[in-house]
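Next come the structures, one after another.
Here come two complexes built around chain A, the first alongside chain B, the second alongside chain C.
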Partner chain A sequence: MSTSFYVGALELTTGAVLVCAVMTLWRRQVRAIVTMLRFQGIALAFVAGVLAWHERDLGLAITAALVLGVKGALVPWLLRRVIRLDPKSRETAPLINVPASLVSAAFLIVVSYVVSSKLTALAPSTASRLVPIGVATVLVGYFMLVTRRRSVSQIVGLLLVDNGIALVTFLLTAGVPLIVELGATLDVLLVVVVLQVHVLNAGARHGSFDLDKMRELHD
Partner chain B sequence: MLSLLALAIPLLMGVISFVVPWRRWIGWGSALSSAAVLGIGIALCISTSSHGSVSALHGTLRADALSSFMVVVIGTVALLATLQTPRVMGREIGEGTTTARQASFYVALMQAFITCMLTAVLAANLGVLWVAIEATTIATTFLVSHNRTKKAIEASWKYVILCSVGIALAFLGTVLVYFAALHSGVVAPNAVSLNWTSLMAIAPHLNHGVMRLAVTLLVLGYGTKVGLAPSHSWLADAHSQAPAPVSALMSGVLLTVAFYALLRFKAIADAALGPAFPRALFIAVGLLSLVVAAVMLIAQRDYKRMLAYSSVEHMGLLALGAAAGSSLAIAAVLLHMLGHGLTKSTLFISSGEISHAEGTTEIAKVKGLLARRPVLGGIFGCGLIALLGFPPFSLFISEFTMARAEVNVGLWWVVAISLVCLSVIFVSMTNHARHMILGGDSSVALSLNARSVVVPLVAALAASAFIGISAWPLLTLLRAAAHVVVR
Partner chain C sequence: MTHVGPPLGYAIIASIIQVALVGLGGPLLMGLMAKVRARAEGRVGAPIHQPLRDLRKLMGKEGLRAHHSSAVLAVAPLVVLGSTTLAVAISPLVTTHPFLSASADLFVIVYLLLMGSVTMALAGLDTGTAFGGMGSSRAITIGALAEPALLVAVIALSIQARTSNLPAIVADTIAHPVWTSTPTRLLALVALVIVVIAETGRLPVDNPNTHLELTMIHEAMTLEYAGSDLGLVTLGAAMRLGLLFALLVNLFVPWGVATGSSILGLLAAVVFLALKTSLLAVVVSLIEVHSAKLRLFRVPELLAGGFVLAVLAVVTQLATR
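So, the complex of A and B:
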């Protein structure tokens, strides 16, 4: 693969990860948000794939396949199931409206370029130059977690944080050792399963799972 | 070999309880497996004291004096908590609040939880350590929501979301350490691993800017799981809603296992950056935790939440001890972990009995325990005395030693601030406790006739007092364990 193609492919796929993250703030339909999350998972797998090709790294290629399967297919499927079985979770209820969210996202992207300058400085390369995009995805995920009150939106926020961190991992170190990557991906999958069971159980037992009404525990 | 066995026994027990329908012996089996873990922990301590460190599974598992000590702490608290299983599950099945299937599930998850904690302390690789700590969150979620009330599900949801986000930060921190190691310039990139020993070897060559960022992320990330402020808020919810033995295990060891991860990373950070930067971070989160705990304890109305905030306090004390960082301080930190595990699990288990007997967890609604339920009230009262740091219990000696070590390195102002917080905590907790324990009418005394509660809890308090008086046989062990992370 020629260098310019590698650079182009890496920039395109990395950029797609962030675009998907911002899109999740823009869309109101939870179903559309989950679709964005799936696209993000696929883009993330492609980032790993491009890097694996460039570095001739078999472990990273396996990771790419794993990411494609788990984040591009399995996790979105689990979330769709929640939406189907729990009608209340179909629309987001943002605490901060969409235009303000998008402005905040722009601000967070600037912040991430500032904080990642030290990381880029240690080992400047095509990949490490793109690290701020991963950090921005993490920050957008946090923003989603804090400002969206529906169960599925919170899970999506958590997954954005996770995808952003995975992106940083790929770009900085071409992936952590495979055993750690396997464990981390499995953990993410299990967290989603666990949260899904919570939503469905609470729905079956207590009528619905409404985070707005979760105000019973306080001091 | 021993470390492999320590993981295999609880794992096997978990699988058995998942497959075999609930019987009372399964509950006793889980206690037996914890006892075996404790035994293996002691054996590991003996073997590491003569060999330095022992590896298993081609170096994937590595036990040094510090890990062996942690196995002992896990085994001790796990034994206390799992000894309650047959009785608690039997009672819940009898009352119809739990089905036999759910009881099996409970035992299986408890064993999975214990296995994850053991994996965390025995892993040679810091990435595997991270995976294991994240896995404890997954294993404990359904234990927290075991009672299936709305409150329990709410607590469990917050627990998973907050801890997953926190632990994600820790992952980023771990990756940054790995990144710094790849570019250290002293070893070839393909020879770099996340093994703690190899990272320690190249620590002085790690890039400072990256390491500063990494350590900050690690302290915030693992700090969430430790229950250190500012991300402590899951702790009171989860600990007040989980079944008592689960709270005992979470508060008694899960927090300290996460703290163990911080100790390992702090050793790397000290070697890479010098002690000043990590020290400042640990002091910041430690003092903040003490202040938060003091404020939340003043007007606390729920005794389980009171115990949970006291855990925030003790984790803050551990952070301050680690900030001092001398080998005396770290030995005291480790002793404090054991003492806190013994005392806090005793208190959570007895508070579970109190809330079952009284039907409430509100402090205001429980009066005169000592007169009405002398045994239970006595255990709870003694536990609180131990928790507040009175001699002869071991928390007194460890708190005292940590303070002395902090003064030795010039942190007298930290000691002064923490003493103010501790006095506030002392006054508010004795106030709550006085209300619950003293007073009342002794003519209606009810006895608690469950030996499986009384015997282990009294033994735990006695052990805490014994360690507090003699420090035997722990002294050499603590020195060796502290020496692992202090050069």
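So, the complex of A and C:
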């Protein structure tokens, strides 16, 4: 693979991860938000794939396939099952409205660029120059986690954070050992399954997926 | 600019060609978009040169103005047309060396366009009718949200080319074809398409064919115009559309723009520009057919999205520099 193609492909796939993160803030329909998350998982797998090709690293290639399977297919499928119970689910009243959250996202992106410029200066390379994009994805994920009311969007926020962290890991270290990556990915899967059970349970008991309506704990 | 440009006479001829091209081509683009829309809806539609006929008809009519209107109403069409013509003359449309190209800075072009919008808004307020004021307030609201996105998106391109001079950006893009497929370009392109749709008042932001008082924006401001004044305002709006479309295609697909100083190159550039803008017009028109007008309160969401994409373009450019 030629260097310019490698640089172009890496920039394009990394950019796609962040664009998907912003799109999750832009769309209101929960179904569309999950679709964006799926595209982001696929883009993330492609980042790992491009890096694996460039480094000729088999472990990273397996990680890429794993990411594609779990984050690009399995997790969105699980989330879709939750949505199916509440098909018209929309993010009707986020705590911060859509234009304001998009502007906040722009602010977070600038912050992440300023903050991580010192980090990238330590070891300048094609991959590490893109680290601000990963940090921005993490921050956008936290923002979504804090400001959205629907439980599915909050799970998506959590997964955005996880995808951002994975992106930073890929870009800085060209992948941690396979066993660690395997553990982390399965962890995420487990979290999604637990949250899914919790959400379905809450939906069955209270007839609502709005987490703000749950004010007290019962034993 | 480091390289020596072509002779002054060539630059002046090129600028005259640009003004003539946009003056004729703007209305034709509007006609083309109306035609595509009509065909997509299963109608035959008016011929493509219908807007030119309308303009000729309007120009031959007496211009009537309301009794209580001030000089603003009379001057506004001239200001709109003049500022747009100047922007057209110095922009890189058929050549990268138009007249006064050294001053065709990104901010100059954006503020020339802004001058036209602000004058139109003042003219809408001038007669004191309810619709005019409503249209002005809406137009300014949308303009205030679209201008930052426009500036930031073009700034992303100017960081790449290391100059804010639009002709130089186009020339540098021709010199570096790889730039056209970078993530910065793609993000800036999406942002600019959103902004251009908002600025030219097309669907889903504004419906150019409506006279329904709840939804119209640009039409509401021009309600008080008649005859030759209306002709000038319409021509100004058409030229603005032509200029924005031409700038959009030239910034992202600059091939065909004359870089040397041959007359043949200019003629080829005219043909290329006409083809590229027509293609863009057809695409925008087809998007329009398939989209409903957004509620006014949802428009800020769309424009905020455009703004974020523009910021993303700048950040990716800074990160990957």
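Going forward, the second predicted complex is superposed on the first by the 207 of 219 C-alpha atoms of A that agree within 3 Å, B and C clash if a C-alpha of one lies under 4 Å from a C-alpha of the other, contacts with A are read in each partner's own complex, and residues count from 1 in each chain.
FYI, a residue touches a chain if its C-beta (ideal position, glycine included) is under 8 Å from a C-beta of that chain, and two chains touch if they have at least 3 such contacts.
Just so it is clear, the structure is predicted and the values come from calculations on it, not from any experiment.
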item: Of chain C and chain B, partner touching more chain A residues; value: B
item: Chain B versus chain C as contact partner of A:Ser4, first or second or both or neither; value: second
item: Partner chain in contact with A:Val19 - chain B first, chain C second, else both or neither; value: second
item: Which superposed partner A:Leu167 touches (first chain B, second chain C, both, neither); value: neither
item: First (chain B), second (chain C), both or neither touched by A:Pro99; value: second
item: Chain B versus chain C as contact partner of A:Val110, first or second or both or neither; value: second
item: Touched partner set for A:Met36, first chain B, second chain C, both or neither; value: neither
item: Which superposed partner A:Leu66 touches (first chain B, second chain C, both, neither); value: neither
item: Shared contact residues on chain A - chain B and chain C; value: none
item: Residues of chain A defined as touching chain C within the complex; value: 4, 7-8, 11-12, 14-16, 18-19, 22, 26, 98-100, 102-103, 105-106, 109-110, 113, 129-130, 132-133, 136
item: List of chain C residues in touch with chain A within their complex; value: 178, 181-183, 186-187, 300-301, 303-305, 307-309, 311-312, 315-316, 318-320
item: Touch list for chain B against partner chain A, complex; value: 125, 127-128, 130-131, 134-135, 137-138, 141-142, 145, 148, 150-151, 153-158, 160-161, 164-165, 168, 171-172, 174-176, 178-180, 182-183, 193-194, 207, 209-210, 213, 236-237, 240-241, 296, 299-300, 305
item: Chain A to chain B touching residues, read off their complex; value: 115, 118-119, 121-123, 138, 142, 145, 151, 154, 158, 161-162, 165, 168-169, 172-173, 176-177, 179-180, 183-184, 186-187, 190-191, 194-195, 197-198, 201-202, 205-206, 209, 211, 214, 216-217, 219
